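To start, I am sharing the structure in question, which I have written as structure tokens.
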């Protein structure tokens, strides 16, 4: 029963509420919204919930598509401060990914080093997709991540 | 300077040390070892460091390939207790994946629900690959995860 | 002294308050409510307090049974983000179950492996009942859990 | 490569190692061991890994069955100090039970109160079984817990 | 400067505020209030601050004694969810009891086992008194706890 | 299988092991040992496990009674550094006391203030007894604590 | 922009705000306020921010001095529940004292024992002053603490 | 029963054990040792337990006084890495100082600012004494700290 | 949608909101604001977000520059209590600096000691700049910190 | 009194001990060692204590310079797993840098965004120097960090 009246001082959180409400009213999926602004669904959702900043034209496109107040453009463009309050996430859907990092973290590290040398996969110069793969034994979730390799410096 | 003499009571940790030592001596990569036992590099490394159990034939193949003591077969076959001691990993290479779960966790959840309904991606009926993608702006690490979709029950 | 007026933007938490208030006013038990919508008491309570999503027909049935505002249907149908804020629960009734996991966790793991192989009991494809068993030395609480066995993948 | 020679001062942990080694050598299951000493598999495993104390006759039966050193009887009979070091367990098989407590804890509390009044299910005057239930969609793990109801005192 | 107007939806916390305000206005002690409803001061305070549920007649007696709104009866009767937010309490008066558990916990365990066998003192079937003992070297606080012994089950 | 040979540098922990071994060999209870040195069982156990320091004569009496090495006297006399590693104890017997502090902490504080004024019960100038009280509905554990009242200073 | 209107139900926190506002308006220092009520600055500040209770006459003196609402007297007299939410304080000025306890804690313990025997310095029967000491190399903060020695009991 | 034989690679911890053993054998107090090397007892104890580094001449004096191995000089001179493992200390004697920081931290900050401006008391350019003050109501521990005032920079 | 009306009781947080709003409206950068008040950008931002106190003339200059309410001057001048709620920051931009402290902390310590002796770099008598360095392989962030060396005291 | 004999299985930790011992024996500074292998002191120390990997030629140069066992080359070349066990460092010298991140973290983020856009400073493609700056009011520590700017991706 949150108050959704629009004043000048919209926060990232306010804009997320406006987007979710508009999305529900319009009966749109993230896939459709992403298509509507010419970006991927993962990035679009992430920016919509305030975990990424939008380039101005994409922010304007989203505001147009969902008929959001004009003031939302500036908010979507701002660099967010990315905060998550649960060091260990409790939601089962998110926890499973945390578990994968716990179980396979040393493996990811070993194989990245074997293929590239001493370094990491960037989480900044990074993109990701989620897709559904049909399978007779039960459909599967496919997550593809791609990040630039960054090698450690010596100096 | 760990003592690597082989007695009857090998632990998972002991076998990991034996594998790492043999791998170094033989100058093998995880890719080569995985190929040698007919499995993927991710799974092979994970089982080698005690985060997954091996089927008996694969354990025997690994023991043969790396000339490990015969007693290692039984140990590789045992179900491991998967423990990680850092709730938030510090190694930068592993932390970046933790960060991805923190930043994109709600996005992964939203898109899985949009594509499948209320449920999760299994981390048990799960597989993963790591590969190197050439790119003129700097090569990229590609991580592909695939897990069975599990829908919540109502009863 | 929470304000329970109903606006368009009901949250999961708002709907829980509406359900608890209606339940109290109607003098119903969870058993009766569950019966009224043709589901089990455990699942019904869990969905009512926002820890599970309802199929549309069950959400409608609950709204009808308890005379909730129509907007509650959509909210009950939404996938919840499952959050608990106490890593170690303090309420004695809930803590005892946490204690059982602490004391008997390794035993549950060992017996599941003995009976099935290397894997887990799903907490997603899962159901549970709670019942009262008469006993001359003091009645007993009986909790029955059933979850699909999921074996680890090798690939 | 732990040293398993037997001295006078056996600890609970030492006896657990002796039991696990003897069980492996004898090729016995927990089901068989439990049967051999006339107790349930859950309780037998729990006492064997030092999370419960054995009555003297059962301790003697276990020592005879597995040909353990006589000094193990006294150790098995001692009341253990029950310690688990992970407030949130990481092993996926055990974590799923922790997750069930997180998701369904308030539900367990509500239904116990509805059926019994204000109180708890004892985790001391308590027993549990684990069984395999065949199911064409995939076999299921069944866990049955039973604990004495304890009502809160007023005074 | 909390608003204390009384609406239909009183929470446990609201009722606690009403009780504390009424107690102050009436100039009563917990001892007097407890006497007025025929219960002990420890239990009366605990139920008044929402850490125990009251039987209906005692709730009614308290409401009459302190001239609380009638709606408070139902709230006092409800089973509370017992939450404390500080795993280690900071208030010096409460911390000292935490310290006693830290220092003497193993001693309490050892002596309970020596006198009763393998088991615990119940914190549910439990009562407690606090009294003042005169002493020429400085008066002393006396705390007496009594809880039913519960022996561990074997099955 | 700890080594119990006695050298010059006994630690508090070493002496505890020596006492526990001697107690077991002699078949003594804490009650008997306490009686043998003319102190209470709670204090005696506490000092024996290194949570309190002994006056020299009592340390000598204990060494004589249990035939401990002479060097143990000095160790028993030393002021211990009191450390407990679990902020929230897991052992069920000790946890119940932690739970009592969580549930009844504010009550203990309120009643001490009502009876004495603004202050605390000392955990230093403190004593405690544990006893068994027969009861037809099941015997009860009685714990009596007594600590000097200390009032806050104003200056 | 907190609302500072004065109603009947003043909390400790409300009174602190009233004091800080009045102090600012009157241009007083803590030293002057302390002098005005005939107490020390440390204790006066501590009671003003709700970390100590005031005797009635001192509370009245403070209310008169700062022209606070009459209802503040009762609030200042109440025993506070002392809560700090940061186990490790972040403010650099307070952290330095935490650091001193970390670095010199074992030293304080060793010297108190050397001078007094096995015991502690009371933090209840306690007083403290803060002063400025001129020094050509830079003035120094001087903190003097004095607490009653309390020796451990044996019984 | 730690081995105290002296090899080339003495650690800070080894030297602490050597000092404590020598102090005990010689029957010296910290006061006497401090006097013997011409420093204060607080600093001497702190350096002896590895929480401060000694100037070479003082290290040599200590080695001579206690007849320590010559190699200890270099170790005493090394800058220590100051580590404490308990964020909240459990030992009652040390906890009381932690409690003082929790209760009086904001007061110390307020008074330092009143007397000096915006800044802190240094914990590096710092000294401390502990003394015993006779008092008919019970002797008191006096702790005096002095640290250089450091004002915040603006630039 | 925060209310930005200006009353008498401005908090540090309120003034930060006023500054950020005014900065946005005026289209100023931190660099420009810093220049406008004759201070550095790092210090200016830090004081603007309530992590440092301003000298009165600088506070007045900022109020004039951004046309803030006059009452903001006093607030900007007050010494802040510096609080951060995430022991490990989650925002990737800030986390990277935390990571640098984790990875290079022992190195910073070793080199400070090698160049100065046993001591630290002050974080109080401290200044910092951030600049952009052009680089054909990608521009670089340059952070320069300068803090007064403080040597440990012996006494 | 760690054993420094050299076997085949040197760990990173073993090599660090060998380096520190050799450095002490040779009376070298980090500055000199860095110069000897043609690298910077910060990077050299970091690699020597196992927080960075060395290129083969630099590892060989270090082994030659300090007369380390040949097997150390391979160990120095291996990619380390970077672990720090204290989420909040306690050593005062390292803590000050943690404090700087806490106090100035949001400032670093704001200025990086102002100068570059939405992104971070890399901690991987990163270098750092530490130097001593003479100053009549007391010499200063200067720390210069430089890391590649990485902009967030949109896709």
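Read from first to last, the chains carry the letters A, B, C, D, E, F, G, H, I and J; within each, the first residue is number 1.
To be clear about the criterion, contacts are C-beta pairs under 8 Å (C-beta built on N, C-alpha and C of every residue); 3 or more make two chains touch, one makes a residue touch a chain.
Bear in mind that the values here come from a model prediction, so they are computed numbers and not experimental data.
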| item | value |
| --- | --- |
| Pair joined by more contacting C-beta pairs (D-E or I-J) | I-J |
| Selected from G-I, D-E or E-H, interface repeating A-I by over half of its contact pairs | G-I |
| Chain centre separation (chain B, chain H; CA means) in Å | 47 |
| Geometric centre distance via CA averages, chain I-chain F, whole Å | 51 |
| Rounded Å distance between chain D and chain F, as computed from the means of their C-alpha atoms | 29 |
| Inter-centroid spacing, chain I versus chain H (mean Cα positions, whole Å) | 33 |
| Residue list for chain C, restricted to those that touch at least two other chains | 42, 81-82, 84, 87-88, 90-92, 99, 102-103, 106, 109, 113, 119-120, 122-124, 126 |
| Complex interface listing, chain I residues touching chain J | 29-31, 41-42, 45-46, 49, 51, 82, 84, 87-89, 91-94, 96-116, 119-123, 126, 128, 130-133, 135, 137-149 |
| Chain J contact footprint on chain A (complex, rising order) | 39-40, 42-43, 47, 52-55, 58, 79, 81, 106, 109, 113, 117-120, 122, 124-127, 150-155 |
| Contact footprint of chain H on chain E as seen in their complex | 88, 90, 92, 95, 99, 102-103 |
| Chain J-facing residues of chain B, complex | 1-2, 4, 17, 21, 24, 86, 88, 90-92 |
| List of chain B residues in touch with chain D within their complex | 3, 5-7, 9-11, 14, 74, 81-84, 87, 123-124 |
